[in-house]
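Both of the next two complexes hold chain A, though its partner changes from chain B to chain C.
For the complex of A and B:
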């Protein structure tokens, strides 16, 4: 049998048991989205290198996996393993998922003062009227075959809702944690809704206690209404053998702000699709990213900023450091639609190749249909500047220290605007640790 | 801007295409349609040797298997390849020795285009191999070039007289099955130019060919091959104008350049084919495959293009940098107005060590046109210390046009240094105001600003061409301000 058919069969086999576990949930309109997405998933072609969007990302490795669907029994918690990822608990509102299943014991479920932070299952039962208009409607479930797969299994995940004028006092920390050695498929689904004037900070952490092979296929949707501010940090520390495919779609309304930081350390194959759309004037979007690759890792980042309305600003900075046999892909697109005058869009991709076998394929794109705009993009690829190394060495730095100092400076550039100090410091430490290993 | 100015501009915009006329010359055209027999007929009419026919047939068989390309960022109705006549030659039986023997009607056509052959012969020292429709009709300065051992003749003549050279290099850069239109061209190419510059020779004059599409409904399939042997230098100019037509005409040419050790080739193009009328009716489809290979060490290939015409321009002059220390350059100005569409750019493939490439692309879109830069910089694993600098700027005039940039950078060597920069902007009101208050009309001001914007590219053109390019630029932008 054709491998991709086998893949589809394997991944659709969990649908019936999901349907059975929903009880009354299968009568909700949401279930129609699941069913339609499953249909699309089964009909769509599996991406190959011949598809322009997947030109540099070979997905055949995923076809060989023997997937299993996690259930409630798969959530086996060993507190000590989590400690590393739940440091300074009291500074955050924590939501923890163990092997794909929400763990209420380790999480803080909150509803106070007009802000809801809960797991998606709970939210569907209790706040369905808030969810219904948006879930599966901001992102097109048929965006890619993987978005459709995720949408067919909408169940676990996080729901955040901030009422008008509410500011969440601590950042929300979501930890998707794996400690199993089975070939699980995790499909978290996040929905962030920020009403007018509200402010929320979210940190998504993907982590593993071992180096096993599993597949994370997550989708995040968000709506940032007038004058609201969402800061969204994603820290990907998956196992070095895991597959990590995500899609994010955020809609930003009038005078609102969305700032995303996408940091990737782990996984053998990472693919992030980040789409952000301006739906109101005078708004601002930041999509920054940092990827550190080594071994045979492949990190593929696709971004799209859609300037659909005038007077908006967007800023993208993606930095990569590639070592060993690793490969990086950056495909950033800025779309300026016909009436989006006075657009200001900036995009930059800088990559350092550290080894002879590392490789980067970058494609920064501009599509512009309005004349009164300021749009620039730049891409540079190279190695560390010999003069800078010499300068540091002449001041007593060893070669290794000189190199790590320079790379550290290069890499932290993409994350230094994160406003959550602890996370920024943690990322900077991780960069240093990653480089010295 | 005031209403009078806008009216004035509209008036200018409505001006008919200056070079649109049809020359009344009897041409010999074969019936429309494409099959193996058509290929055989073309080869037979051109009295080609058997190997050439075989080569064409191989290309044709390749072409039949290929899918119609749909990936470029341009829109047009699918071409019916069976409704095109693949060969059209002005009727003339005997070989000509001097200009006097050329059909006076034809000579007048050249004069209308501002290409007085005799005058150019005397004044500018340019040897002109004029291709009228598909067959060369006049070649000048041939004897002078002959003395130095430089071969500059039509492709059909080269196939007859220098078969070894042609056979060795034809298809060596753009193989028969390279892409859909290259395969089509390889099967049915009518004529073109062939240049061979022997070892150590510096070609003393700019070689130039004026292409011209004339008979209605004839696709023009030119094929140019330039070989620069060790240590030689040649500069080649290509410029085009075409008469007005209602039906779209297909032009699928191939240009191949081969530079051996220490050789340099400079290839300049001014393309001003009929772009269609204001509503987007008519105009030429310009689908060209241009590629050069820097085969030897220290060789250099430089492409300069000014693209102002054609309804659709779709081409990527490329350099394969195989020899160590070889250099590839691409300088381009692409202007689209009204309903024109352009998807153009370059490919720089770095294979050898210490190879360098420079890309400067200036796109200007006006009216309701779309202008796309699409380029590839590929650094192979063995290409140590390679260097690339790319700059792609887009200028938008008016709010109904589009500018797109799709650069691909594929880097597989840590010693490479790659820089890519792109900007999109419009002409500032303050800039126009400054020139207005110094007495320049808005039209002149825009023309001056755009010329300044393109200067980086124009300075790469040979003198005579630069003058022509500047004129063309203002002509193409007429009526676009507002």
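For the complex of A and C:
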């Protein structure tokens, strides 16, 4: 049998038991989205290198996995392994998923003062009226075959809702922690809704404590209404045998701000699609990213900023550090529609290749249909500056420290505007640890 | 302090240093002069451990150790400091960060405790005065956007903080206005002691008015062709390098 057919069969086999577990949930309109998405998943072509959107990313490795679907038994809490990713608990609202299953014991569910932070299952039961208008409607479930797969299994994930004028006092930290070697497929689905003039900070952590094989296929949708501000950090450091595919889609209304920081230490294969759309004037979007690859890792970042309305400003800075045989992809699309006058769009991708065999494919794509706009883009590929390394060594820095210092300096401007100090520091420490390993 | 014996070094297959012999004792200041391209910076960089240069022959003994076998960082930790002719700019790394790490690395090597934050700040303040370093320059990224003179002053400031046994100043005086020159010179003089030595690479007698050397050497086409006391610098200033060119044959023959 064709491998991709087998793949589809394997991955649709969990649908019936999900459906059975939903009880009354299968009567909600949400279930229609699941069913339609499953249908699309089964009918769509499995991407190959011939598809323009996947030309650098070979997905055949995924076809060989014998997937299992996580169930309640898969949630094995190993406190000590988890602790590392839950440092300074009290500074955050934490939502923890262990091997694909929400862990209420390790999480803080909150509903107060007009803010809801909860797992998605709970939210579907209790706040369905808030969810219904948006879930599966900000992102097109048929965006890719993987978005459809995720949409067919919408169940676990996180729901955040901020009422008008509410400012969440701590960042929400979502930890997706995996350490099972049973070829689990994890499909988190997140929905962030920020009403007018509200403010929320979210950190998504995808982590693993070992080299287990699994497939994370997550989707995040968000709506940032007028004058609201969403800061969104995604920190991914997964097993070197894991596959990770994510799609994010955020809609930004009038005078609102969305700031995303996509920090990837990768898995064996990582694909990020981040789409952000201006749906109101005088708004601001940041899509920054930092990716560090080593070994045989592939980290593929696709971004799309849709300037659909005038007077908006977007900023994209993607920095890559690639070691060993690793490969990076940056494909940044900026669309400036006919009416989007006075658009200001900045895009830059800078990569340092640390070895002869590392490789980056970078492709800026600007599609500009308005005439009164300011759009700049650039891409550079280089190596660590030998003069700088020698300079630091001549001051007593060991070679290792000289390198990490320079790489940190190179990398930090992609993340220095993160307003959560602890996270910035954590990223710096992760960079140092990554380089010395 | 340092003893350089028959040092020959090449870069990209081209021999630049063709047998350098030079001994600097504790507490001495030596000036090295010589025309452009004669190999002065090459000598400085080879002593500091730049790996692009291939050492073909010879030894460099620093306080009893043959440092040619040491990494650049270990040479720095042993007490060698090079003030670069062209200091690099390092965006994203602050001067404070550089110096704190450098000091700690050096102390670790020597088995000493790291400086605590208070002592470090106190020491920085003290050394800043020595070369009129401003807080603004200190907190900025290393040399980024610094004027030529500010970069040179920063080199001397770093040297003052790291307090090396041997300071090699590669044309630190070039590009300095007269006030800055005085400041840099008084900084060096303040660091001068019976234990510390300096090698000053310069083109100008002017610097030597402020930092009076014990010896002056002329480097020409990869060899030291003449050595003398400070009057040699005056002599060169008067006669120019043309004079050397004309008499080079005799020197080399000697």
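The rule is simple: the second predicted complex is superposed on the first by the 430 of 437 C-alpha atoms of A that agree within 3 Å, B and C clash if a C-alpha of one lies under 4 Å from a C-alpha of the other, contacts with A are read in each partner's own complex, and residues count from 1 in each chain.
The definition used in the following text is that a contact is a pair of C-beta atoms (placed from the backbone, for glycine too) under 8 Å apart; a residue touches a chain by one contact, two chains touch by 3 or more.
Everything numeric in this text was worked out from a predicted model, so none of it was measured.
Undergrad: Identify the partner contact of A:346: answer first if only chain B is touched, second if only chain C is, both if each is, neither if none is.
TA: Neither partner.
Undergrad: Which partner does A:354 reach: the first (chain B), the second (chain C), both, or neither?
TA: In the superposition, A:354 touches chain B alone.
Undergrad: Counting only touches as set out at the top, which of chain B and chain C does A:363 meet: first, second, both, neither?
TA: A:363: touches chain B, not chain C.
Undergrad: Between chain B and chain C, whom does A:15 touch in the aligned arrangement: first, second, both, or neither?
TA: neither
Undergrad: Applying the document's definition of touch, where does A:40 land relative to chain B and chain C: first, second, both, or neither?
TA: Neither partner.
Undergrad: Go through the superposed model and pick first if A:375 touches only chain B, second if only chain C, both, or neither.
TA: It touches chain B, and chain C stays clear.
Undergrad: For A:392, is the partner it touches chain B (first), chain C (second), both, or none of the two (neither)?
TA: A:392 contacts chain C only, not chain B.
Undergrad: With both structures superposed, pick whichever of chain B and chain C touches the larger number of chain A residues.
TA: Greater contact footprint in residues on chain A: B.
Undergrad: Given the complex with chain B, which residues does chain A contribute to the contact?
TA: On the chain A side, the touching residues are 52, 56, 338-339, 341, 351, 353-383.
Undergrad: Which stretch or stretches of chain B touch chain A in the complex?
TA: Touch residues, chain B against chain A: 71, 381, 394, 396-426.
Undergrad: Help me check something: in the complex, which residues belonging to chain C touch chain A?
TA: 48-52, 71-73, 75-77, 81-82, 84, 87-88, 90-93, 97-99, 101-103, 105-106, 109, 141, 158, 162
Undergrad: Would you mind writing out the residues of chain A in touch with chain C in their complex?
TA: Of all residues in chain A, those touching chain C are 385-388, 390-399, 401-402, 405-406, 408-410, 412-413.
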